[in-house]
Amino acid sequence: MNKNRVEAFSDGVLAIIITIMIIEIKAPHESSFDALIPLIPVFLSYVLSFTYIGIYWNNHHHLFQASKSVNGKVLWLNMHLLFWLSLIPFTTSWIGEQHFSAVPMSVYGFVLVMCAIAYFALQNKLIQLHGTDSVLKSAIKDDKKGKISLICYAVAIPLAFVAPWISGMLYIAVALLWIVPDKRIEDLINEK
Amino acid sequence: MNKNRVEAFSDGVLAIIITIMIIEIKAPHESSFDALIPLIPVFLSYVLSFTYIGIYWNNHHHLFQASKSVNGKVLWLNMHLLFWLSLIPFTTSWIGEQHFSAVPMSVYGFVLVMCAIAYFALQNKLIQLHGTDSVLKSAIKDDKKGKISLICYAVAIPLAFVAPWISGMLYIAVALLWIVPDKRIEDLINEK
Amino acid sequence: MNKNRVEAFSDGVLAIIITIMIIEIKAPHESSFDALIPLIPVFLSYVLSFTYIGIYWNNHHHLFQASKSVNGKVLWLNMHLLFWLSLIPFTTSWIGEQHFSAVPMSVYGFVLVMCAIAYFALQNKLIQLHGTDSVLKSAIKDDKKGKISLICYAVAIPLAFVAPWISGMLYIAVALLWIVPDKRIEDLINEK
Amino acid sequence: MNKNRVEAFSDGVLAIIITIMIIEIKAPHESSFDALIPLIPVFLSYVLSFTYIGIYWNNHHHLFQASKSVNGKVLWLNMHLLFWLSLIPFTTSWIGEQHFSAVPMSVYGFVLVMCAIAYFALQNKLIQLHGTDSVLKSAIKDDKKGKISLICYAVAIPLAFVAPWISGMLYIAVALLWIVPDKRIEDLINEK
């Protein structure tokens, strides 16, 4: 089965998810710089989630690039991943409006955990389909980065109740892990 | 006539339909788990409709994969299908906000009936175009699953006034019929 | 210059235009059939505009299918067409909410006139690019249907102030002209 | 690495950005031409931003058309560009609602500056990837138009506080520079 339409549909859904979050940031009814101040948390949550959707798009792109074909189960596991990603605009607007307080921050982490699990399920099914000696498998290897991310999200859920900023730091750290290609970090991960 | 752009346009419309439903789920104005409770019915209706659009995308994908070409009538029957599918966000938000009460539940079923009829019309036109000895026809066969689904939706419309949860069960059952590939169910359908 | 991305971008914009109109139809806050009655004009305006965007997508599809290449001016004339089409959700929601009264109905016609002019400009530029002996030119011929449509829209603008339903009839008639392939109508148009 | 999906994803995001701005223009609750008057500034800001997104889509299209491949850094620089472009609907609705007053006009310019910087970064990375003797480099040359635009946006930020209409004129002038292909202007730019 051809993979083109799965990619096209996923691109469409991810493009919409990444863009509808901006609708939530309403233009202020005043014409001053001060009027922008209350928007700062909403804006920061937008930056964070834009980055996460960007990371998922990037990884999804690499995953399907290395794949040759798909089957019915892959289609559903992909749909499942898109479902959890589609909840990110909701949690984003919640953490922004509630100024990164404990409950929304833990729910944000929960959705990230579910996205990560859904991504692993999709990735494993694709590896199973292509074989463990495939280009796909060798490109992904152990996916240590993915596993570290999942642990960070999971840990951030309870830690939000200790102090929400710890969860925030963890979400930022994971995002940076994916977008800043640091030789030392890469080595550290691979040594483990 | 080339089928690529019909697929691309349909992917776009389906991607938007599946994603705009999340805009309806507004982040609560409080920062507690209790604040999520009133959102449960809205969330459940989102899960149900996300699954239905996913099923339609999946079937649409298979239908056009097995098709070689399209004509003007196919384009319009496809547009007609997209029209009825585009009403799903409306009925979804209605059943969610009205806690799955009788009238919205029956209207939800009515829109599903119209989607199913539109899908059959599109499928029949494609089979007519490709011939009854085509790959397409042999892939679809009698489409018993499609017929059972249509009957369930039709039955769910009046049953919503007996008890809305019966309609709800029917909608869930049909969704599961499409996503859970159960050998026994498949055999049961094919024996009939 | 390759035409694929112009098609893809136009598909995206048209898919969004056709789908965002449904966001305007808010689920009623009651759970009865009566609660749907006030939505009837909004729903009818949605059906009309969905059909128009469908017609434009169809014609756009045929136009680019018959074209081999594009240039910088084609890109801008295509953008210009998308601009006027993007105003249709606005006029649609206006005629629906104002129950098809005179001013919104004439503004609806004005936007359709601008869409038609923009479409002619795009079509003429593509014919100019491909030559008058091209497949494109022979596929389009005189485009009598397009010219009749433009005249109807133009006439509907002042007639809305005589009686808005006359404009409404004209908009419906033009839509039917494009989607109902009637041999006699086709002959009548070609005889003229 | 294949460039198709980057193009498709960018098309999707740009298509949504260009179209969601129209959602902000709410249909008036009255049925008269007078009711359209308060919408004029919102409409004008829509025209301006539609043109800017159109220009960016056009340039993005040319940039990737001349590119043969992409790498991981290009993907992230592209995402970075889409991020800044995604803020345009926000600034558009702000300048429209605040009648082009000083602060929103300067913030509008700031977002344009960031978009231009993000575009240069993406362009430079693609040139670096393809080599300075590539088709891409020779197609872009010095990109004087891009540099002039960036200077205009930067100058418009403080000038908004002298008089907002000066910034407005600058934004319009830059837009015209890109869409009106004037031989004399082109020569003037190249002579410099």
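For reference, chains read A, B, C and D in written order, and residue numbers begin at 1 within each chain.
To be clear about the criterion, a residue touches a chain if its C-beta (ideal position, glycine included) is under 8 Å from a C-beta of that chain, and two chains touch if they have at least 3 such contacts.
As the structure is a computational prediction, the values presented were derived from the model and not from experiment.
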Rotation, 0 to 180 degrees and nearest 5, that superposes chain B on copy chain C via CA atoms: 90
Same vs different contact residues, chain A with chain D, by half of numbers used: different
Centre distance in Å when chain C and chain D are each reduced to the mean of their C-alpha atoms: 27
Centre-of-Cα separation between chain D and chain B, whole angstrom: 39
Chain A residues counted as touching two or more neighbouring chains: 8, 12, 15-16, 20, 23
In the complex, chain D residues that touch chain C: 7-8, 11-12, 14-16, 18-20, 22-23, 25-33, 35-36, 47, 50, 54, 57-58, 61, 65, 179, 181
Chain B residues within the chain C interface of the complex: 1-2, 5-6, 8-9, 12-13, 15-17, 20, 23, 72, 75-76, 79, 82-83, 86-87, 89-91, 93-94, 97-98, 101-104, 107
